[in-house]
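Next, two complexes with subunit A in common: one pairs it with subunit B, the other with subunit C.
Entry: the complex of A and B
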């Protein structure tokens, strides 16, 4: 067996140029299959862990997926705000334990700014009902204090006491900014692996203060209220983007949802985060299946190419097989030789694919994290990934059994004197 | 070989019909005949690769047809060393690995080599030196060697572990005259040392003089006689 392995290896090495191409296509299929599956599971994990312990999300009427995306994941923008009296209405509902108002729309160098109350740090949970923790500093006490996520701090190199200016709207390049009212970094949160890491948190009053001298998304001409003057004003917010609602008893969730949806004073919508996530999966699922199908096809093509390459070289190798037969290899040895070759190529291809995936994840992770808040855990293999690799390996073996069978027939027919 | 008849599949008439042929241990037999007269077929029958339509072929007291396929392969490698006309070697293996191949597939060849020389590498070394192949060639890939050198490596391989019979199918036809003589000297000498019988087929009469026995295949083959008469 060891001798045969040695022969298989030397023989394959002798034809390495053709085999390397096949190896590459197998590596690509392993890369795609594992990569798609990785993104699929990690996307779900990331999204699912982004919000926990919140029973309802309330916002202006829109699609439930859209509300979820902009309120929790800061993807897209709200079409409409909800008035402050609606927030008060929510708080007054029986069974409602807490309401965390959220105000979005500003940014700092591409990172979203979230205005909220102190209740946010108390009630917002992520992952497995974990609360937000400060890595350094404290929650905002002054009007122009801010608490930044770990990703913002690490990416931009911000420390406590850093002065930052916010910009109106989202995006990296923003001309209309709030340079007249700079904020100070008062606290830095621990990493959570959720959109919180990319968020700059300020108080609702601060958001209100920033926009006192603004109307309809632009500064009022001729009207300037300085940072000092702003402190004298009442800064009760008039509207927010959305609100997170926690209930005393989860069983009441549908009756509260109905109350909110039927609220007469303003058109509101309440969604259950889990249900909205399921809707999101339905949307994404189609794309995922298409990608998975593509990866499957690539795998199929690479197996076919493995089979055809080994089959095609068989003609040239009749002499080699006859020599092997003459020195005592049985036709079974010949089959084994070809199957070993297919196995080696498949295994090497899979290893190359896995290595490429690890490298790609390592290179792309910082970008994925800052652009989408998505962290890929390449080293945590799922059971399905294991099965995929085993499946690939089995397919490789199967694909080399066909040339093996042909070689068996050839070497029986040729005996020791191949007709070339 | 007794009352042997052989026909290729889908062929109407027999291609070989031999009454009897016996080769003694250590004997050196030369079989000649024009090309296409069935010399290679006869060798394949001797080596148990092909089975006769009728009659019996035995090697070392064992009838090939009584053996199952896997046992035939084992019996062949245990007792037969085979030399082709050319392209005898696996081009991607080193010279010494090529010589050692029969020992890897056959326990008894391995054991015989070890008994003779202490280790199979030593047996290979002794044979290669005997074939006049310099030590620095041994670890080169076989494809780096000239045709003459390759035939000598093939001979060393056929003889390692002292098989009962060495079958050589036109081993000299790819060699020029000077090389042919040296090669035959070495082959004869090595067979004598190993105590192996040698069956060599060729269409070349000039080398016949060196052998114990000379056979003309058309003369012993009754199928050819019938064909000639018709």
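Entry: the complex of A and C
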């Protein structure tokens, strides 16, 4: 067997160019299959751990997936705000334990700014009912205090006491700065692996203060209100983007949901985060299946190319195989030789694909984390990934059995007699 | 003549095979002591929600947006939310089928969910009364189930104390096992 392995290796080395090309296509298919599955599972894990312990999310009437996306994941923009009296209405509902108002729409260097109340740090949970914890500093106490997520702090190199300027709208280009009212970093949160890491938290009053001298989406000329003057004003928020609601009795969720949906004073909508997430998977699922199908097809094509390459080389290896037979190798040895070659190429291809995936995840992770708040766990293999690799390996073996069988049928004389 | 009966004999053979399999499976099924109950068992026999609505007449003739209908919904909701529970159910190990509405999803799987007796988004109908919603906490997180999947939940029923002003009470369950619903074998 070792001798056979040696022969297979030497023979393959002789035809390394074509085999390396085949190897690359197998590596690509392994990379695609594993990568798509990795992103699929990690995307779900990241999304499911972003909010926990919240029974309802309330916002302006829109699609439930959209409400979930902008309120929790800061993806997309709100179609409408909800008035403050609606938040008070929520608080007054029987069975409601806590309400966390959320105000979105401003940004700092591309990172979203979230205005909320103290209740946010008390009641917002992520992952498996984990509370937010501070890495440094404290929760905002002053009007112009801010608490930043770990990703913001690490990426922008912010320390406690740093002065930051918030901008209106959510973009990288900060043309309409609220530069006259700088904020101070009062606290930095521990890393959570959720959109919280990419968020700058300020109080609801601060959001209100920023927009005091703004009317109709632009700062009013000749009506500047300085940071000191702002402190004298009453900064009761008039509207928020959404609200997270916790209930005393979770079983009462449908009843409160219906009450919110039927609120006559304003068109509100309440969603169950878990149900909305499942709806999101329905939407994404189609794309995921298409991607998986594509990767499956790539795998199929690469297996076909493996088969055709080994088959094509049979022609030029007639003499080689005949010589082997002449020195005493049985037909089975010849079959084994070819199967071994296919197996080696497949295995090497898979290993190269896995290595490429690990490298790609390692390179892309910081960017994915800062741009999308998505962390890929490349080292945690799922069961499905294992099956995919086994399937690829089995397909590689199968693909090399066909040329092996053909070589088995070629007679000894066929290779030795000179061609006319 | 006999040949034309072929489909029937095949059916009979299948039925017999199923029966044999069923008998083999019986000792396995009897092992956990969860009594199968229905959703009706969770409603007190003497509870008549309609008693409060004896004055309602000609409801069919009114449009949904009519203030009287909206007022009626309010009352209905109150009655539904304070629906009484069967106190004898406390502490019983039961098994019942229902639809799943996820509450707390984690990476490990689903930890808490609500079990309801009918499928639907509760848009066209008011949500089920309080005694038809079970708050289930799974002993181990469940993977692979999603909103409105039909499941068998087995576990110990508990009565929730009414703590809020509204007096809303209900059932909760510490579930030993939650499995995807299959038609029970007869």
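Simple rule for what comes next: the second predicted complex is superposed on the first by the 410 of 420 C-alpha atoms of A that agree within 3 Å, B and C clash if a C-alpha of one lies under 4 Å from a C-alpha of the other, contacts with A are read in each partner's own complex, and residues count from 1 in each chain.
One rule holds for everything that comes next: a residue touches a chain if its C-beta (ideal position, glycine included) is under 8 Å from a C-beta of that chain, and two chains touch if they have at least 3 such contacts.
Keep in mind that this is a model prediction, so the values were computed, not measured.
For the composite obtained by superposing both complexes on subunit A, the positions of subunit B and subunit C are free of clash and fit together. By the touch criterion stated above, A:257 is placed in contact with subunit C alone, subunit B being left untouched. In the superposition on chain A, A:212 makes contact with neither subunit B nor subunit C. Angle at subunit A between subunit B and subunit C, computed from CA centres in the superposed arrangement: 110 degrees, to the nearest 10. With both structures placed on the common chain, the touch criterion links A:249 to subunit C but leaves subunit B unconnected.
In the superposition on chain A, A:45 makes contact with subunit C only, not with subunit B. Comparing subunit B with subunit C, the partner in contact with more residues of subunit A is C. Contacts of A:294 after superposition: neither subunit B nor subunit C is touched.
By the document's definition of touching, of the two partners only subunit C reaches A:272; subunit B does not. Of all Cα pairs spanning subunit B and subunit C in the superposition, the closest are 46 Å apart. Listed in rising order, the residues of subunit A touching subunit C in the complex are 45, 48-49, 52-53, 55, 94-95, 127-129, 248-255, 257-259, 262, 272, 274-275, 277-279, 281. In the complex of the two chains, the subunit A residues touching subunit B come out as 3, 6-7, 10-11, 13-14, 319-320, 322-333, 415-417.
Within the complex formed with subunit A, the residues of subunit C that make contact are 70, 73, 77, 80-81, 101-108, 110-114, 116, 122, 126-128, 130, 133-135, 146-147, 160, 163-166, 168, 170-172.
Subunit B contributes residues 40, 43-44, 47, 49-50, 69-70, 73-74, 76-78, 82, 84, 87-93, 97, 101-102, 104-106, 109, 157, 169 to its touches with subunit A in the complex.
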